[in-house]
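The same chain A turns up in both complexes below, where it pairs with chain B and then with chain C.
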Partner chain A sequence: MVVQTPNGFNLDNSGKRIVVDPVTRIEGHMRCEVNVDDEGVIRNAVSTGTMWRGLEVIVKGRDPRDAWAFVERICGVCTGTHALTSVRAVEDALGIEIPDNANSIRNIMQLNLEIHDHVVHFYHLHALDWVNPINALKADPKATSELQQMVGPNHPLSSPGYFRDVQNRLKKFVESGQLGLFKNGYWDNPAYKLPPEADLMATTHYLEALDLQKEIVKVHTIFGGKNPHPNWLVGGVPCPINVHGTGAVGAINMERLNLVSSIIDKCIEFNKNVYLPDVKAIGGFYKNWLYGGGLSSQACLAYGDIPENPNDFSPEQLHLPRGAIINGDLSTVHDVDVRDPEQVQEFVDHSWYTYGEPGKGLHPWDGVTEPNYELGPNAVGTKTNIKQLDEEGKYSWIKAPRWRGHAMEVGPLARYVVGYAKGHEDIKDQVDGLLRDMDLPVEALFSTLGRTAARALESEYCGRLQKHFFDKLVTNIKNGDETTANIEKWDPSTWPKEAKGVGMTEAPRGALGHWIKIKDGRIENYQCVVPTTWNGSPRDTAGNIGAFEASLMNTPMERPEEPVEILRTLHSFDPCLACSTHVMSPDGEELTEVKVR
Partner chain B sequence: MSQIETFYDVMRRQGITRRSFMKYCSLTAAALGLSPAMVPKIAHAMETKPRTPVIWVHGLECTCCSESFIRSAHPLAKDVVLSMISLDYDDTLMAAAGTAAEAAFEETIEKYKGNYILAVEGNPPLNEDGMFCITGGKPFVEKLRHAAKDAKAIISWGACASYGCVQAAKPNPTQATPVHKVIKDKPIIKVPGCPPIAEVMTGVITYMLTFDRMPELDRQGRPAMFYSQRIHDKCYRRPHFDAGQFVEAWDDENARKGYCLYKMGCKGPTTYNACSTVRWNEGVSFPIQSGHGCIGCSEDGFWDQGSFYDRVTDLTQFGVEANADKVGLAAAGVVGAGVAAHAAVSALKAAQKKTQSSKEEV
Partner chain C sequence: MQPKVLIMGIGNVLWADEGFGVRCVERLAEAWAFDDNVQLLDGGTQGLYLLPFLEEADVLLVFDAVDYGLPAGTLKIVKDDEVPAFMGAKKMSLHQTGFQDVIATAQLMNQCPERLILIGCQPEELEDYGGGLRAVVQRQIDPAIEVALHELKQLGVAYRPGKGDETDLAHESIRHTAYEEGRPSAEEACRTGDDRFFPQAS
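After this line comes the complex of A and B, so read on.
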């Protein structure tokens, strides 16, 4: 049966059903089911979040100054971004203004995360969808060296001997018979298009990036004490600055600043010499595979982030753009107000929750969550052994957030589409430059490859911004301002009896919002709507499919039993399921109804 | 099987000579308290033993343990994965997905029965018949039990697998349950922390590979080599504690001088971990060095011990508050007083925990 969704996709579930569970190389647990027609083309897609942890209920009744540490643990991959969102929400609620240095340091940390996350995503979670490390064994190291010098002439690791060494190591690894992470990969699938030399170059960079990523995060370690999960502070940042006087070893001093600066330079170099050239080189071999656009050409949402000045989140002050695009109309970028009860709403008709009232959407400040795990009538299998889900019924632990009723894509591509549509200069320059280099039209942006390329461009842009805020921090210190925290309202006795606030960030995976209500010095309600909730959402009341589902539609598969194309497109969103499958409840008590065995 | 690269091959490939290899075997024998006659046997085992297969499963978690693991500087994560172990199943990093991934899981269990290490990140939720964490259409707890059955040993990575961590904080809506409460018939090494330090993670693995034995564990099942001392015991700010020099408010003069964070809620005095010695991310820093107190993330139930900014002595009925202040006022330069206060704090902390756990039982 063919059904047309309100957002314009023709769903046909008559063909063969393919189940991918677990979807690997993501954060958390996810399942995907698709129907393919006789030609092997995907005609129906069902994306399911398969985990639920309940963090918002857990923070209820706790000290709002502690919340960042709890919700930071929503995700250890985009580590820190939930904490930043949380301290912003608390500061918004209590009217706390942070000092200039704290804004610069937070921005440096957030930008550092964007770069780290994008690099690790591309090389360690996504690359194996495009790159075949087994095929790299056939490469000529000399030709690989030439390729490297052509695409990334400034990268110092480029000699034939270097590539030969890596290839030998890889060869011994493969010949050992213990393939480890490469075991059971789809290495003879014709969906892999790279010549052996490009495979060897990219596999080599997989290893280089693994070494580099542990350097990148040291910025978090300096300001936050550790990574993953650095420390944050309501009112500023916990690290004091002392560049001049006694005891500077216990604070941010010249040596620490120099280390930060050298890491920022490393990020910039890697983006410029390795990451972007790799995306262009690999993308060049997949120019004919422009599937996976999904919602990106019609509905994109970004909250914006990286405020130039502290405490000012007006759109023109943000380096990462804010706005919403709907109905494919790129000529109009709508403003976004996350406080407006009519804009962001969540639906649960196809999620394993109940609102009591079917078809209802709720703004996060008024959100309700009651888990309600049940399979649809046409599901195959049992409640604890699912063979096939029924998308007509409930089928995911992810809710369906909508912006003014529209299913939206969020993330690097959404940010870049919004930025491009708004005429954001840096973004426009980058996008136009990339399309020119690759000889592709602007429509090519709306694809799996476009999503992957936007992430690389953003990593490059964030590298420059990181340097900007480092310089700003140093200038401010030079001008005599060493303040890092505002403690005027640290003591709960200074707080109003009741307050509510919202914090927003652009997490690596997209628009992230935390909504908080505080009463008598304690958290009364805490709710998060996170990027993968937007992208991974199931169908809503009206039948709109979410961004993951939309992106898989009409993609041909070389071998339907080998889900290379499905992985490629899902991975292009960098799914984070621990983030997406949280709980929202104004009243944690409801959850005691959950059966305890 | 002849194609399988052995531990010896790996060492040779990394530039270790035959002579050094034999010396290494002798040292290993000595470390294990074995007679020199055992050296050839060890050498033989090393020469013929394939890289140890590891199955790494994920329950309810945030993947911070995997992220930490790949931060390891010595050894590098790539060397661990390419040359030391065979990571035959890890849904976060493996190339295959769906049925091909499940097949890799089953094949590894079948082929290496009793010889693989099971690494668990996260924990199983038991409410809703386990379906708060679904993998392959089934409850994660089933997968955990299945993989545990033929494992040689289990490593419980991080606070989630060891103690439950954040999703098990009150009211624990999913009944998230640490591994040792589900699997009771296997040796389990707990490596707590949220996450554990990268080099502690790879240190535990390489210890097992190098000495072919379980690390010595404390009563809670943690490796004694990394978890037997409090952060406070080796904290570089300890002299300020002993001298009664404390940060009194965020970003005050004392904070900028790097004084002790005890009054800002630092849980270093009650937290067993290697942060103040191994430090984080190749020794760059650790929470206290960067100005925030320890939140005690490697301790059981640390989420439910009050605010992170409450002093560990924040129990006025016991008079400890006065005690800490007394240190601040009078004890400058008198090390003994600090130590005495410290002992008192520890004893009270133990008492506090006891009170809390007895409350829970009510």
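After this line comes the complex of A and C, so read on.
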């Protein structure tokens, strides 16, 4: 049966059903089902989060000043972003203003996390959708060296001997049967288009990126006191500054600041000489594969982030843009007010929750997280062993957030589309430059590859912003301001009896909001709407499909039983389902089941 | 020269018995002091973030909740080459896949510690989000520390009664006692889903 969704997609679930479960190389647990037609083209897509995440329940009744420590444990990747969002929500509720240094340090940490996440995502979670490390064994090191010097002439590691060494290391690794990191690949699938030399170059950079990411995270240790799970503070940052070398142990001194500065420079170099050239070089071989745009050309949402000055979140003060685009109208960017009960609402008609009545949308301040696990009438299997979901009924643990009723894409591409539409100078320059270099029209942006490219551009931009805030911090310290926290309202006796607030960030994966209600000094209600809730949302009451589902539509698959194309597009969102379980067999192999029904 | 020793607990404290490893290191720091060559670390739920710590270590001792298919609360110690295989055994949680990858990555980069010791405890319950350690697992914290001290002694690593360095442990608001006192009941925390996550449910 063919159904047209209000957001313009023709869904046809009559063809062969393919189930991919779990989707690997993501954070958390996710399942995907699609129907393909006789030509192997995807005509219906169903994405589902298969794990309950009742974080809201866990922080209820706790001290709001501690909420960051709990939300930081939601997952293994964007830990700091959740903590930052949480302290912002509490500060918003209680009217706490943070000092200038705290704003600069938080921005440096947040930008650092964006870069870390983007680099790790591209090389370690996503590259293998485009790059074939097994094919790299066939490469000629000399030709690889020439390729390197052509695409990234300023990168010092480019000799034939260097690539030969890496190739030998790789060979040893593969021959030892430890395929570990590279297992579960469909390495002979014709969807892989790179010549062996490009595969070797990219695989080599995979290793270099591993080395770099170890350095990047040291910024979190310096400012957060520890890593993993750095420390945060309502009212500022928990690191005293003392550049005169006397005073508290562990205070930020010049030596530490110099280390931060050198790490920032390394990020900038890597983005410029390796990451961006790689995206262009790899993308160049896939210019005919411009699928996966989904909602990006019609509905994008960004909350904005990286305020130039503390406590000022007005759109013109934010380095990462805020705005909403709907109905494919790029000439109008709507402002976003996350407090407005009419704007952000979550629906649960197709989610395993209940609000007591159908068709209802709730603003997160009034959010309810009450589970209701039931399968639709046409589901195959049982509640404890689902063979096939029924998307007509409830089918996901993810709620369906909507902006004024629209399903939205969030993330680096959404930020860049919003920025581009607003005429954001840095973003426009970057995007136009990339399109020119690759000889592609602006429409090419609305694709899986566009999402991947936006992430690389953003990483480069974040590197420059990091430097900006570092310089700002140092200037401010040199001018004698060493304040990092405002503790005027630390004591709960200074708080109102009831308060509510919202914290917003642009997490690496997209718009992130935490809504908090405080009563008698304790958390009364806490709701997180995370980026993957937006992108991975199931259908809503009106039948609109979410960004993951939309992005899979109309993509041709080379071999439906080898879902390279599905993984490629889903990975381009960097899904993070922030939960807990992977399915493993007794011999330690990850069991991804691909079922064709 | 003294070997550099990393003593790390991994797991997600929000997932009931998954918190075993992190709690072991907390307890260790409450009772034992070490020289500067030993680092105590809350590894939490993180994967690649842990690489820089592995790179610096000669000896890695990990506490973790591991599903060996044994009776709940059973301690099992595996060493060196056996460690990665065991960490990939049977039904596993997010961080273990992560940590197995971390070890594989460290090996690929020739940065894996020479000696690996995994002190694992068979969990009773992992699927109680917001829950705490079950009694049978909690009782194994002290025995696990005994094992760790014995292993450290064999390697010539010094320790003495006292306080360990808590710099790299979890923030106090989420330490064992604070966490347990404020957590919701199992009913509130909800357990529902498909049977691959809920081995006892089917």
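To be clear about the criterion, the second predicted complex is superposed on the first by the 572 of 597 C-alpha atoms of A that agree within 3 Å, B and C clash if a C-alpha of one lies under 4 Å from a C-alpha of the other, contacts with A are read in each partner's own complex, and residues count from 1 in each chain.
The definition used in the following text is that a contact is a pair of C-beta atoms (placed from the backbone, for glycine too) under 8 Å apart; a residue touches a chain by one contact, two chains touch by 3 or more.
The model shown is predicted, which means the values in this text are computed figures rather than measured ones.
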Practice problem: Could you check whether chain B and chain C clash or fit when both are placed on chain A? | Solution: clash
Exercise. Figure out whether A:Gly510 sits in contact with chain B (first) or chain C (second), or with both, or with neither.
Key: neither
Quiz item: Is A:Arg169 contacted by the first partner chain B, the second partner chain C, both or neither?
Solution: both
Quiz item: Given the touch rule stated above, what does A:Glu562 touch, chain B (first), chain C (second), both, or neither?
Solution: first
Practice problem: Tell me which partner A:Gly501 touches in the superposition: chain B (first), chain C (second), both or neither. | Solution: neither
Quiz item: Of chain B and chain C, which one touches more residues of chain A?
Solution: B
Quiz item: Of the two partner chains, chain B (first) and chain C (second), which one does A:Gly294 touch, if any: first, second, both, or neither?
Solution: neither
Practice problem: Once the structures are superposed on A, label A:Gly536 by its partner contacts, choosing first (chain B), second (chain C), both or neither. | Solution: neither
Practice problem: Would you mind checking which of 218-226, 236-244, 326-334 or 344-352 on chain B runs into chain C after superposing? | Solution: 218-226
Quiz item: Both chain B and chain C contact which residues of chain A?
Solution: 27-29, 50-55, 57-58, 62-63, 65-66, 69-70, 73-77, 79, 120, 124, 169, 173, 178, 180-181, 207, 210-211, 213-214, 217-218, 225-229, 231, 250, 371, 373, 383-386, 397, 583, 588
Self-check item: Interfacial residue positions of chain C with respect to chain A in the complex
Solution: 12-15, 18, 42-52, 55, 84-85, 88-98, 100-101, 104-105, 107-109, 126, 129-130, 167-168, 170-171, 173-174, 182-184, 188-198, 201-202
Quiz item: Inside the complex, what are the residues of chain A that reach chain C?
Solution: 27-29, 50-55, 57-58, 60-63, 65-66, 69-70, 73-77, 79, 120, 124, 169, 173, 178, 180-181, 207, 210-211, 213-215, 217-218, 225-229, 231, 250, 352, 371, 373, 383-386, 397, 579-586, 588-590
Quiz item: In their shared complex, at which residues does chain A touch chain B?
Solution: 19-29, 31, 50-55, 57-58, 62-63, 65-66, 69-70, 73-77, 79, 120, 124-125, 128, 169, 172-173, 175-186, 207, 210-211, 213-214, 217-218, 220-233, 235-242, 245-251, 259, 371, 373, 381, 383-387, 397, 482-485, 487, 490, 561-563, 567, 578, 583, 588, 591-592, 594-597
Practice problem: Note which residues of chain B are touching chain A in the complex, please. | Solution: 1, 3-5, 9, 13, 50-51, 53, 58, 60-68, 70-73, 76-78, 81-83, 85-104, 107, 125-140, 165-167, 169-176, 194-195, 198, 237, 249-251, 255-259, 275, 280-282, 284-292, 295, 297, 303, 307-309
